[in-house]
Amino acid sequence: MGLREYVVRRIFQLVITYWAFITLLFVLFRAAPGDPTSMFVMDGMDEESRQEIIADLGLDQPLYLQYVDYMGQLLSGSFGVSFRYREPVWDVLVIKFWNTIFLMGAAVICAYVIGVLAGALLGWWRGKRAERVGIVAGLMARSSPEFWTSIIVLSVFAFWLGWLPSGGMRSIGAEMAPSFSARYLSTDFVYHLVLPVMAATIYYMATPLLLMRNTMLDVLKADFIEIKKAEGLSELTILYKHAARNSILPVVTMAAIVTGTAMGGSLVIETVFNWPGMGREMVEAINYNDYPMAMGAFFLMGSVVIIMNFVADLLYVYLDPRVEYK
Amino acid sequence: MSKLELDDLRTYYRMEEGWIEAADGVSLSLEANETLGLVGESGSGKSTVAKSIIRLLPDNGEIVDGSIRFDGEDITELSKRELRRRIRWKEISMIPQSAMNGFDPVYTVGEQIVQAIRTHESDVSKAEARERTKELFDDLGLDEERVDDYPHQFSGGMAQRAMIALALAVDPSVILADEPTTALDVVIQDRILGTIKEMQDELGTAMVLITHDMSVVSETCDTIAVMYGGRVVERADAETIIKRPKHPYTLGLRNAFPDITADSQELVSIPGSPPDLLEPGEGCRFAPRCPFAEDRCWEETPQPETHGDGHVVECHRADEAEYLRKEANRPETWRTDD
Amino acid sequence: MSRETQGIDSMASDDGATERIRALAVRTWRTFVDVFEGDRMGQIGLALLLIFALMGMFGPWITPHDPTEINRDDDGSALRLEAPSTDHYFGTTNMGRDVFSQVIVGARASLIVGTIAALIAVTIGTNIGLISAYYGGWTEDVLMRITDIAYALPFLPFVIVLVFLLGPSIWSIIIVIALLLWRSTARVVRSQVLSHKERPYVESARAVGASDLRIMYLHILPNVLPLAFLYAAFSVAWAVIAEANVSFLGFGDPTMISWGQMLFEAYTADAIRFAWWWVVPPGVSIMLLVMAAFFIGRTLERVTNPELRHAE
Amino acid sequence: MSDESVKRRDVMKGVATVAAVAPVATAGCLGDDDTGVDGEPVEEIELIVTTADYDPVRYEFGQLIADNWRELGFDVDVNPTAWNTIVDTAMDQQDFDAFTLNWGGRAERIDPDIFCYDLHHSSQTELGARNQVNFENEEYDEAAEAQRRLYDDEERREQVYRCQEIFAEEQPRTPIANQEQIMPYLADAFDEVVTMMGEGLMSFWTAVDSEPAGGNSELRLGYPSEVNNLNPADGQATHDQQTMRLIYDRLMRINTDGVAEEWLAESVEEVDDTTIEVTIRDGQSWHDGEELTVEDVKFSFEYLGEHSPVLDAATDPVEDIEIVGDRTLRFDLDEPFAPFLAVSLGQVFIIPEHIWAEIPDGMDDVNSPLDFDNPEPVGSGPFQFVDWQRDEQMVLEANEDHFNTPNVETMIKVPGADMSTLVRLLEDEEINMIGWVPGPDTVNRLEEDVDHVENSSIEDHGWYHINYQLERPPFDDKDVRHALAHAIPKQDIVDVVMDGMGTVTHSQIAEVNEFWHNPDVMEFGDDIDRARDVLEEAGYQWDDDGRIHYPAE
């Protein structure tokens, strides 16, 4: 099978997966109890008004009509209007999406860079005390849920040392930068980014670290490593240019899964660090029964995962010249 | 002064249960341009010897005694750094058993040879190194264009040629060839061995050819050393070993391969399995499998003794060689009771 | 040939089945013992798990205080945020509840979620892997597409949405976690079964006319069980973390004390700033329990992958 | 009184029938000899409380109450329930035995009408309405209706007092406590901080009248959730309204004393019982520079009356609006409605006709006014909208042309994911005020350890209470309600659960709401022995296990 055919087939699978995912979303949220008005009953709304709002949101329509509506909306690139914000979901999420991507993207990249490099080193140090310590540290990091690492880094770097801000994405009152790049490249932004990224990195690092070490053990047994040593190459060259490069395939495939975990982790990290992202929005949307918003956030998170899976598959082909397209 | 001289080399592996005496008192020497065949079953310690020379022992392996002299200098004393910069590949390179696995699968063969050249000759530019690689390919009968191919795109034989190109890339004085042809079919084996020989003559490189295959060494080598259970049981020039071996193990090995002598038509293998080298204690290590073993063979370790011109044998009954040879030619000798 | 390459099966006849399974059990048990004997981390994992299991089982009887009771001093006012003392080993919460007792009782929620969710997930995953690999064709296509879709769902958001829909109870948390967690088991079991499917013992079983079910569950399954155990250990770890996350976000079972819930309460009461004793014990407990599962998993990995046994 | 007792007897008969039918089959073995009492055991009581994370106070006092009730021999099952579910089942479907609730003290609720009429009048008992407990009492209804008709505050107060008396005597709900609203701010940032009952630092007057200290010109107000939207027709959430009232004016405002005073209206005159004449201030303009006219006011009442579900109730009494002068208009009411000034004029936003007349018809993709997200609200209020980055900050700027220009130049509203992130921001001096009550422990810590933070404090007129489903036994028996109320450890709840930051209450009108609060009603609570006596006198009995039984027939 040629590369092109492989890609086409993979895209076809992508479409199927997407459709199933979207339908599942619909089913999930329409089965949900409560409606968006229940949060505000105590604020002074009466029953008649509630019914009015429910009708206004189209929630009194038969389910199949709602489904058709929903698919039509999605195809035209709309997530509908937020029950809570009265604003198109996409308009709200487009900003938060990037906020989350910058946060979790930075975390996953840091986790991968550190995890892969350190994991390779652990493999190289097979049998040494340092390896043992590294493994235990890795397992410890992986055993600490994000909120726990968040609480720890927060206590140390924000409360105790006072080096870094304890939350938020920007200093309050700062003028809102008009351009995309100015928003995300300012020192203020980076200053606020460090702590949540650190908390997330500690957790996500463990997977590439341990996986890298495991595959390294296999690769290090390969003949060519011995030859490279015999060639007189430096240890660093062998470790990173050859051994690590050969071990990275499964780790790359795992990236899609780590990204998925990170999307979920954004719920926790963003809540603890008061980060205006998609994850926090999603938690709030659920609490407020704002289904279009929760669906939109869920959809975007799922999309990131689906696309990462797709990219990982293609990357796999690129990274391993031996791979056959099947 | 020999190019490479091993004196009483002892390389052991540390295990939880004790030491594995993988190479136990190995003495060998190799002159410039000479080819030494190191023959033995798997587990005989021949690979351990090769790995000791280039110091690629696993973490639990240790040269506990003896010396390895290269141009008179004991390279067991060298630091890793010196070893890497002065000895490895520049002086001693190697050809592994399976060339396909000897190359990193994710880089082209050319890239890897260029890297080897530039590691040791830092003044060579990438382009120059690439030119040299192409020349080597040409010399070895490979299409120049194939330097840009990945290892998996080569056939076994071609990969082995490419490996030879890699081994010769920085013009070493010794090549350790560890079973360089076992993975290939017979016709290609011959061709590859021919090529190696040719290149070796042309460049004046010495070679240690490690194999379990008597027929290979008989054609290629100047001298042959036969290893069993971590010891060199017999060594001499090729002709002597082929025609007039004295050690029962060599006799047995001879029977296991065709075309070495016309004497025996039937291929007979040596019954039993290689010895356990975990602290083996006294006694000849071949005794359990030797059809000629006597009581003393079980009790005393035979020491190397020279019989004639450089013919060194470790056997209590080496003096009875004529008789042993005759007996050994009879297949029944090697049959066990069942 | 080693056991791993050959498959634990040479008899295809009916009368051998029970005996074979008994032999397999004995052998597997021995391997487990062997592997754990040589592995400090695995032993630590088992020890920790045992401690937590005891806490989970006997928690309500061994707590020094009722974990939901508001402790008061002599004049009736609540002992709020008492630092650790001999009376309250881990101090008290802002409502004067005994943290130590809560930690002990909290083990139960984590253990229930961890073990049951993992069990369900691995059962589903193993079956899907087994069936899809064994039958191949469209069965495999469909099942693997479903697995792909399961992989497309971001774990925590999915769990939270579903727990919200099903109502916040420990059982819905378990079901929802299991509903996604099977995916990794399905994939690895499938690839393992694919390799077993072609082996001689399966062929011969088929030759003597064993039914598909029989071949799948009596012949192939025992060979992939160690792998299933391994994934069960990992699943326990993931499930415990998931439960903690769900509770921390406030979607946990409100009628049950769990470590995640304790941390959530401590966090929202801002206790990180003034009552470390309320924050550290549940956090460390989660970490230790999950670590125990990972340690055990690592050791089990050597049962399934003998190469690793020699590598270290 | 006699009507009531008749009714109760009917209900009791019903219960007795049920009780007689159900256990008849087992009567033989479960006979009186076994239990030593005659009546049937009282049913299990399910006490629904919020989850600990939604509101720890309600969750906690639910447990304390249950403990005491159990001591009385009741079988109590405490059921922490998600807020959504409470709304659906308990509040909408009225499907509950007892549940805990808190009416927050909003400025509009200082007027006693909602707590007297909406919550307890017998006309409000249908599903979804606010008299979920099904309290029906003719005498009470009379008083509740009367207070609506009386424009004279003194006369009206008498009726409000009467409502409170009957309410206390009947105990359809047991008030427990008013929370003390302690909200922190940065001491250095303000010379004077204005606070208000029920709303604390979230009040309108805090934003407008607080005096910033030299060098500071900003009010940075943190709140633990984000504004949903700034659509004056929507505004379901209190927080939305609290934000919009800074941008949009109202004709009246409720001042810090809880009294409605003229705001955009220059004068308000009761022409007669059902006619109110309002004259608006001269020379007011919208934030976009357009002049604010009396037509805008008329439009606002009509438009919001038609489209806004939330302001529906406020505009309901209005039958007709008539413009009678350049700045004057008349509201004709269907019937006399005393709370009109506070509840209606004080609540309906005045919105610009030149913008809202186009909505939804002039917009693409907007089907109803509720769908409009109103991205750049134009009002006439003391603050004008500048910018909003959702979940980061909302920037408002003082309207220099307003008749009551705020003392700060800028107001930044900062949402937090939760209280702890806000307290962190306050300590880091990123914000200088929080409009929500932190937990007691945080309050103590801020008080003791953090020098630059000060706490403002005021009582809430909102009330924590417990509701009984009067249609279900045993709550249909007033004696039981009395006993249950006596058994509630109100003081303990304030001391332990609220760490002293609250006040025990016995009425639906809080003490802090001085003018309307009736200090002289029946008091319950903190007396288990009395509770037992009440039950005993009513003929209830306890079996050997201590379980309570209905009186013998």
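When the chains are written out, they are named A, B, C and D in that same order, and each has its own residue count from 1.
As a working rule, a residue touches a chain if its C-beta (ideal position, glycine included) is under 8 Å from a C-beta of that chain, and two chains touch if they have at least 3 such contacts.
All values reported here derive from a predicted model rather than from experimental measurement.
Averaging C-alpha coordinates per chain and comparing to chain B, the farthest chain turns out to be D.
Ranking A-D and A-B by contacting C-beta pairs places A-D first.
Taking each chain's centre as the mean of its C-alpha atoms, chain A lies 40 Å from chain D.
For the pair chain A and chain B, the distance between mean C-alpha positions equals 54 Å. Centre to centre, using the average C-alpha position, chain A and chain C are separated by 23 Å.
Counting partner chains per residue, chain D has residues 85, 418 touching two or more of them. Within chain C, residues 167, 250, 267, 272-273 each touch two or more of the remaining chains. Those residues of chain B in touch with two or more other chains do not exist in this structure. Annotation, chain-chain contacts: A-B, A-C, A-D, C-D (touch as defined at the top). Residue ranges of chain A in contact with chain C, taken from their complex: 13, 16-17, 20-21, 24, 28-29, 31-33, 126-127, 135-136, 139-140, 142-148, 151-152, 154-155, 159, 214, 217-218, 221, 256-257, 260-261, 263-265, 267-268, 271-272, 279, 282-283, 286-287, 294, 297-298, 301-302, 304-306, 309. For chain A in complex with chain B, the touching residues are 126-127, 222-224, 226-234, 237, 242, 245-246, 319-322. Interface residues of chain D, counted against chain C in their complex, comprise 51-54, 56, 59-60, 63-64, 79-82, 85, 418-420, 423, 438-442, 445, 492, 495-497, 499.
Taken in their complex, chain B has these residues touching chain A: 54, 56, 59, 84-85, 87-90, 92-94, 96-98, 101-106, 115-116, 119-120, 150, 152, 166.
Across the complex, chain C meets chain D through its residues 68, 70, 72, 76-78, 80-81, 94-96, 167-168, 250, 254-255, 261, 264-265, 267-275.
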